[in-house]
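Common to both upcoming complexes is chain A, partnered first by chain B, then by chain C.
== the complex of A and B ==
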């Protein structure tokens, strides 16, 4: 076990999906590391590869190349039977609680399952722990005896979170955990996640396309575009001084809760290139207002900027 | 909602079930009749199923012998009633074998996919390619004519049907997030298969069960009729029909006819029940009542 290094390191992860004679380039060399207790936001539009990256970290997808290291172990090629011992330490909350909770199990049983699999607690102690977890995520105990179709989205997402934190994981991957929820419920779930982070000191990878959410929760932000991280830095750096033209556009598209605030809107041109045929240079070049010929010819690496904690993959900045 | 349902009286429930699927109600009633007959046959008739009455050979149906007597002087009514026991003793255990063998194979083939699926599916296809009655005939005559052999052979021959139904259901849900969630939670594969996938894929197989039990009865009767299944004087319906067949030409139709009618009713009951179950479990027909 290592205490000083990063908790999670993804190195140069590539994921291609092949099928029907075509190849979808979902991830094209992503590197990312998360320190213990750190919460990292992963933002980008649909199809940018953020969910694939999350699933790759959980080993729900096998990387085409590159590696995933957790807590000092290179788990890239671990068999599922070996991976299982690590599962309590890396948990995930899925986008839709309706789809990610077994419809045939009671909510209480779903929360109990990780305890059953990974602890030696007696049945009574497990039940006690399930009730404590339910209280922790503000889930009424009545619901523990219900099935998935008898609870609301917000209640189910609380249950999913309780299930994910039952084994006190070191890393929690959250794949758009609030995007299927009503706005009012969304705020409650976010404040719950915020307080869990404080309390357990667990690291989080928060996948979202909602910048407000990321701003509220994350210490650091990674911006993904076309299967690559195009910019990464502290929350302040990204939100105050975004460097990549894509990040700037993304931020300018964000709506403010205050209707009097008007932001300069940077228009975004066209569609992202197809992940079936990657352009040779910067993936954003053909939509970028400041692109020049050099942008379209060779791949552009993520390079650190002045303060060291802010990197960007753009030759124009 | 749960409270409201329990308050509805049983009669109302039955009426509602009748509206949703009358075949299920009729079929279940016939199957219930079969089960009752099997349980109570010892109390209904004064004769034993293989008791020979030397003075009553090939008698026409009468008050003393409702279905007449056969060539050995056995009471046909008693033997038909006792046949219900054989029907149950064949239908239930062979259904158990079908499910116990077919369902896990379907789960494994569907979940693992790829080569595992390919190999399993091909093997099951080969088994299905044989005409099943001929296959049953061959295997039972090779292994010996006991009830256990008949049941196991019928169950094994039919297992691929269950495997296929479950496999296709598993394929349709194995990419669901709740399966991914089960993996992330650290479930061993057997738990993913039997705790997470099985309850979500078993509906189709369950609805198939009565239909395949009807099929098991028919095959068992066929085997007995051609003489490789359960043998006379055991009161199995197929065996009774075989026994009676030789008297049909000479006019003593009752020896074969009554067990034949019993067999038809039992098969009909299971089939109706199965059709009804499929009606009840088909989501397209799931009207709000």
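== the complex of A and C ==
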């Protein structure tokens, strides 16, 4: 097994959805790598391709082109039967626990399910492990005997996390895990994820449109727009010194809960272009306040900036 | 400055029977007071189940059984809404009161083109020709930032993006020049850049006019950046209200303090817990004293027995706590 290189490497991933004579260009050449134990935030607006990328990494979607390497294996074309052996190592937490947890099963059984599928533990040991997992995510034992409709959104999201970490994955992909939750519950879940990250050294890909959440939990941030990563860098680089005009606009639209903090709001022009017809140049050009002719004619690659850990796809920066 | 809306002592209960046929009462609103001055935006914040949306429904008189308003007064521009006959109240809804709800998709009729919905709504409330109503509709779509409004008049609701649909809903809410705009989670689920556009729009339409708006939200950032006043709700009461600059900068109620601390997600990720992780009170069996007492970090003996005094509804910051 690979111990020094990245845990996950996505190379030039392209995903098109075809149907009704039209093609949705969901991902248009995305490259990304995650080191063991690293937490990476994937931010961007609806339709930017965040969720598609997450699903592609888990092989819930098949890439149109490009490759996905996990732990040294190129899994891009692995069959499902072979993929299944990798599943314990890559787990996912979805946005809505109501949609992702089977309503007919008790919460205890839901947490036990991955142990049944992927371990050789005896029934008694599994039950013990389920109780330990419940304690780990601060889920009361009483809830293990309940069904999905008898628990709150926060409790269910804890159960989803317990289920996802049951097989001690190396990578956890979380797709908007806190966006349907109240603030205090969101804070509790982030606190839980923060401590899991420290204890287990689990890598995380955290998909969210909420910049505050990403800022709280991620070491590195990738900003997506129209199926491409337009900027990537350390949390500090992205939040303190964003370079891409889209990242700047996104950050300036973030509302601080402190009424004394007033950020200068950058204007937002128009709507994002349709992923049905990609513009030839930079995807953001037609909304960009500093765009020039060159931006609209040729595709712009992600280029490393001086310190190397900060890359941006913009010819004006 | 005149007050557009005054709400006093609003109580709404859900009355049902349990399996053995005993009457059970869920006390969802327990004396809500709100005041909205002209030209201002009031933010109503609180967590799920605090009674924010129920307050809106009670004000609009759109509660459905088993929910029932059992006490309270609602005054819109000096007119009592709570005692008003249904037919008269209906003339206010969609006219003097505009409503924007969270899901634009469910508040537009999927079978009717955007333009026709805007025209119908005007003709239901005022004597206006179809042509004039159409002209006003196009003008309103332009004001709320819908590009090429003339063509969008012909669009079906399903053809609109989320942000565009929410703009159409706001155009619907504003088309009859409402005095009061109520927006219940108007930007939840929208992207931050679209959220900013929608909130800018609401602010432009209210600031410096004789209109007022209430924004119900669980997003403290929306309140901090767009509202002048805030009412913090917990378990069906307003525990603290006042100017945002005071309440959010120097909160006095322990619940407000905890809520603001929860917004600091960076602190949460490093393990500092803002609130004891217990559930909100059981509405069937509320504590006798302060409703927040069971979770309050500063609780004293008196809190368990005596409900804290009601905040007097002046413009000043007020709080419902024995020790604030």
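To be clear about the criterion, the second predicted complex is superposed on the first by the 317 of 317 C-alpha atoms of A that agree within 3 Å, B and C clash if a C-alpha of one lies under 4 Å from a C-alpha of the other, contacts with A are read in each partner's own complex, and residues count from 1 in each chain.
We adopt the following convention: contacts are C-beta pairs under 8 Å (C-beta built on N, C-alpha and C of every residue); 3 or more make two chains touch, one makes a residue touch a chain.
Computed from a predicted model, the values in this text were never measured in an experiment.
Under the clash rule set out above, the superposition-derived model of chain A with chain B and chain C shows the two partners fitting side by side. With chain A as vertex, the superposed Cα centres of chain B and chain C define an angle of 80 degrees, given in steps of 10. Look at A:184: by the touch rule set out above, it reaches chain C but stays clear of chain B. In the superposition on chain A, A:211 makes contact with chain C only, not with chain B. Shared-chain residue A:142: touches no atom of chain B or chain C.
Applying the stated contact rule after C-alpha superposition, one finds that A:294 touches neither chain B nor chain C.
Look at A:101: by the touch rule set out above, it reaches chain B but stays clear of chain C.
In the superposition on chain A, A:80 makes contact with chain B only, while chain C stays out of contact range. Comparing chain C and chain B on the residues of chain A they touch gives the larger count to C.
Look at A:249: by the touch rule set out above, it reaches chain C but stays clear of chain B.
Judged by the touch definition given at the top, the superposed model places A:241 against neither chain B nor chain C.
In the superposition on chain A, contact is made by A:117 with chain B only, not with chain C. Put simply, the nearest alpha carbons of chain B and chain C end up 5 Å apart when the two models share chain A. Overlap of the chain B and chain C interfaces on chain A: none, as no residue is touched by both. In the complex of the two chains, the chain A residues touching chain B come out as 55, 58, 60, 80-81, 84-85, 87-88, 90-92, 94-96, 99-105, 113-114, 117-118, 160, 163. By the touch criterion stated above, chain C contacts chain A in their complex at residues 47-48, 147, 161-164, 191-197, 218-226, 244-245, 248-249, 258-260, 262-275, 277, 279. Remark: chain B residues 176-178, 180-189, 191, 196, 199-200 touch chain A in the complex. On chain A, the positions that touch chain C within their shared complex are 45-46, 138, 152-153, 182-184, 186-188, 190-191, 193-195, 209, 211-213, 215-217, 249-250, 253-262, 265, 268, 270-271.
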